[in-house]
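Next come two complexes, and both contain subunit A; in the first it sits with subunit B, in the second with subunit C.
And then the complex of A and B:
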């Protein structure tokens, strides 16, 4: 049959078309438009002007890149802290809690479905003067609490809080991938607890760890609500600069150039990490 | 000796997990407490409890229209995302075809992308196309992120699907449509179900995409954000609690429904 040789003969390819169309029109095209706009002269609103590098020059001469450094730094710290916080929990979910694991996992899922700004606002009411923590300290011990809200530490705290599930769940998957026999074998051969961790557990659960770290980093670098709600504009993350350029300042090309810088960092990271993994293996094809 | 070390470690892990869980739920608990105050401003410990703000919020026409907008967006997103995700997942995990590995990674890209930047890029894109921003553009924006998530969730189910079932049905004389309706669809039902649950809840709670793409239409998370920044009333925690409770009910309801579904299936076999 001549149809077999046509592009759409393979059923998998046909099935992929609808979502591919969506992503080409709703993901690739907008990002290309952003790249295009980043080379337009400042404060223009079309793509037909003479291309220029003015926006990029301005970012580096005006110190706007400082906000990019803030975002990258906070996101890296978030990843490190979350890796430390989540590892024991993920380990417990896979190896210790047994039949309670499903219920616990469900509990950890709930925050994901609540809008992040609502949860962050819960922290505002918790830490604010006269809020839950200062109020309790005052009522019980008569101690006045120093200001924590609206500091860089509060922003970091909020990011660690919001992105916790994104580290926890891939990590759990990763640890579940380590066969129990491997650990037992290592123990039988006389490895200490620490050696088992370093030589068996950690390397074999790396895919989950890497994917969790990557996901957390990427989302944290794009964090916007944390600085708005908990940071009180004390820290200006790159996303805030981009938003200002696109909205109040009406300077699309500048905003686009900032977005391109952020996208560059993110895509280099994502592409290098994703290249190393076989998704069929991770997601469960035997 | 090693046995007692073992159990000490397990206890430590248990305590740590409990602490992390508390950390996870503290803000929601705070919101709940703050919603029950009678006074205009929140102070803790609460001196006067009251539920006036609850009745005020529930009876507010504005809140109702917000909830309606959020609900419409979530419903439309769910239906479209499930259809796209269903076929997307078949292409992801069921069929072997040239370009599949590349496709799998491409699907992940919108998930591994900062949502606020995606929202702003779409804002620029919609403007460039001359679209007026409304809840409809928000549906598109949500889909770009949620359809890949649903595809992944369903793909996990598809991986465990045995293609020989389809072949057996065809060998027994079933037409393509019959095979699809009687074999493929029922077997993949749990995946479809959890996929739609995810789609609905992620859309219902989304803030960064809605912030830039809803235009004049307001969703609950966006409205709450505006109120947090300027014009706090105890209505904010009340609405936050309601929105959280609604999502939790959908999640647990879905979980129970899924358990019943699989139990019935097992009983029928």
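And then the complex of A and C:
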């Protein structure tokens, strides 16, 4: 036990004990419990049964993995769409408002004060048959709008709408960090506006794009309300499956297995991306 | 530079206003081909705005900028055959040393092998180690980054190279080395260099001609020697380093009088004007005297302090409230001690009368 006593000999470590205990109990323990449950036989509620891989087998034999694919697919599309939408917006903000642009971006987060569900129901009223958009179109132009609500496109729309601030903020920050003299220097060396963008602005603002993409991807993979409210349950994302397993189905081990699978896939994706892009190097730090 | 070569760049009544403030006010200037021209001025004098207009990053509010007699006011920076080395250097942090140098060539779609050859030539010319070619530019030291920035500009093969105070953030010793290197590069390439700085010392070392700017106006243009020995105003004389300035008024032909010192001084007769003037005497032209008869002008003061400046020694002499700086070579004998009463003096031809502005 001499190792332990010397470990605790440092006051800093002793002082860190309360927070360590809190993190172990509040963060690590539940995570371990979820991992543990995922190896228990289906529909059991204890952690001391003989471990099995039955839940994982079921995910793939039962087509449950399809919802995982939906979640990953929708999240990826959300990220791509957000990148395409937010880059020009962020670029414009930075060029017009300069150093105030980052502060302005925070205004885009104001809708977050209102509950996500309420905002999504607002969109239901907007898109529903006879609602704000289709009703107006019909009354003014006599145009009959096709069904948009309760389609995968509506889910995607909802996700892009909800996660926009999370892409816009880091992106604006990233673009604002490109020094103006960099642009001028490139231009002075003969580059056209397009070449300045391709050779200097885009690569130098990559950190903002990367952070925004990771943030929105992780959030979007965990999205559930959009599919329920705007998708009318036409699409079942993995999060919905997890919720069902833990609640109606009372099948904690299956829910745990789905959760573990989701965590694994997301962490692998995130870590791969982070490894490929050395942010420090892009930012020019030593 | 040989006597004024063919002008490459001409400025005619160039003015740039930001709101009601004229950052550059009615500047006329002609810069010769192959010349090393330096614009000096304190911060806020408009020199950066001026060079940004020359490089095409700002447009003049009025007036014309001519390159080879062709008006280029509205030609954007990327279409001008000129290139600038920025104060921040603006090296691309996501590129290697080689890629930075090759940037302009890449923009022109030059073959990669040709690009690399040219970059390596420039690296050699600028004393950059060959293995730096693939080094990340952010890992280079301050002096190395200066050289990369210069190489990047030279790779563009500009007709004129502009410099916006690139050496201001470099420590003294390295700056001195780089100043000389820059002048050598100027000789080797034969290109026109237009340099701006707030340091007259820097301007003196490198330039063929110097233009002094103040409050948006170009107040004097001349060779370093002209600017140093015949400044036209108090401002220029004070900008050129340590100097003794005595406000004086006309006191008949060949004589001026200082109210504060209560003394009259002999000056060259034709230099006295009716308007307010200042008598300027450089410390090296002031000398210690044994008797007043040794010089045509003399003053009695107290030796207050001495400063060793390497090969020279500078003394502070107080005449009443007024502080005078006197310099002598280290090897010249002098027996004065601090707090001694001393006699200092100068001859009329070693002082100049300038406008008090």
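Everything that follows uses one rule, which is that the second predicted complex is superposed on the first by the 236 of 286 C-alpha atoms of A that agree within 3 Å, B and C clash if a C-alpha of one lies under 4 Å from a C-alpha of the other, contacts with A are read in each partner's own complex, and residues count from 1 in each chain.
Going forward, contacts are C-beta pairs under 8 Å (C-beta built on N, C-alpha and C of every residue); 3 or more make two chains touch, one makes a residue touch a chain.
All values derive from a computational prediction rather than experimental measurement.
Asker: Check whether A:66 is in contact with subunit B, with subunit C, with both or with neither, and answer first, second, both or neither.
Answerer: neither
Asker: After lining up the shared chain so the two structures overlap, which partner does A:181 touch, if you call subunit B first and subunit C second: first, second, both or neither?
Answerer: After superposing on A, A:181 lies in contact with subunit C but is clear of subunit B.
Asker: With the two structures laid over each other on chain A, which partner does A:161 touch: subunit B (first), subunit C (second), both, or neither?
Answerer: first
Asker: Go through the superposed model and pick first if A:80 touches only subunit B, second if only subunit C, both, or neither.
Answerer: A:80: touches no partner chain.
Asker: Just to be sure I read the superposition right, which of the two partners does A:153 touch: subunit B = first, subunit C = second, or both, or neither?
Answerer: A:153: touches no partner chain.
Asker: Looking at the overlay, what does A:268 touch: subunit B (first), subunit C (second), both, or neither?
Answerer: neither
Asker: Quick one: classify A:143 as touching subunit B (first), subunit C (second), both or neither.
Answerer: Touch partners of A:143: none, neither subunit B nor subunit C.
Asker: When the two structures are laid over each other on chain A, which of subunit B and subunit C touches more residues of subunit A?
Answerer: B
Asker: Using the superposition described at the top, list the residues of subunit A that contact subunit B and also contact subunit C.
Answerer: Common interface on subunit A, subunit B vs subunit C: 283-285.
Asker: Show me the residue ranges of subunit A that touch subunit C in the complex, using the header's touch definition.
Answerer: Touching subunit C from subunit A are residues 179, 181-182, 184-192, 195, 199-200, 203-204, 281-286.
Asker: Quick check: in the complex, which residue numbers of subunit C touch subunit A?
Answerer: Result: residues 55-57, 76-78, 82-84, 86, 88, 90, 92-94, 103-104, 106-108, 136, 138-139, 152-153, 156 of subunit C touch subunit A.
Asker: Show me the residue ranges of subunit B that touch subunit A in the complex, using the header's touch definition.
Answerer: Where subunit B meets subunit A, its residues are 5, 10, 12-14, 16-17, 20-21, 23-31, 33-34, 41-45, 83-85, 87-88, 90-91, 93-101, 103-118, 120-125, 128, 140-141, 143-144, 147-148, 151-152, 155-156, 159-160, 201-202, 204-208, 211-212, 220-221, 224-225, 228-229, 236-237, 240, 243-244, 247-248, 250-251, 255.
Asker: Contact residues on subunit A for subunit B in the complex?
Answerer: Against subunit B, the touching part of subunit A is residues 10-13, 15-20, 22-23, 26-27, 29-31, 33-34, 37, 47, 85-86, 88-89, 91-93, 96-97, 104, 106-126, 128, 130-132, 134-136, 139, 161, 164, 193, 214-215, 218-219, 221-225, 228-229, 239, 242-243, 246, 252, 255-256, 259, 262-263, 266, 270, 274-275, 279-280, 283-285.
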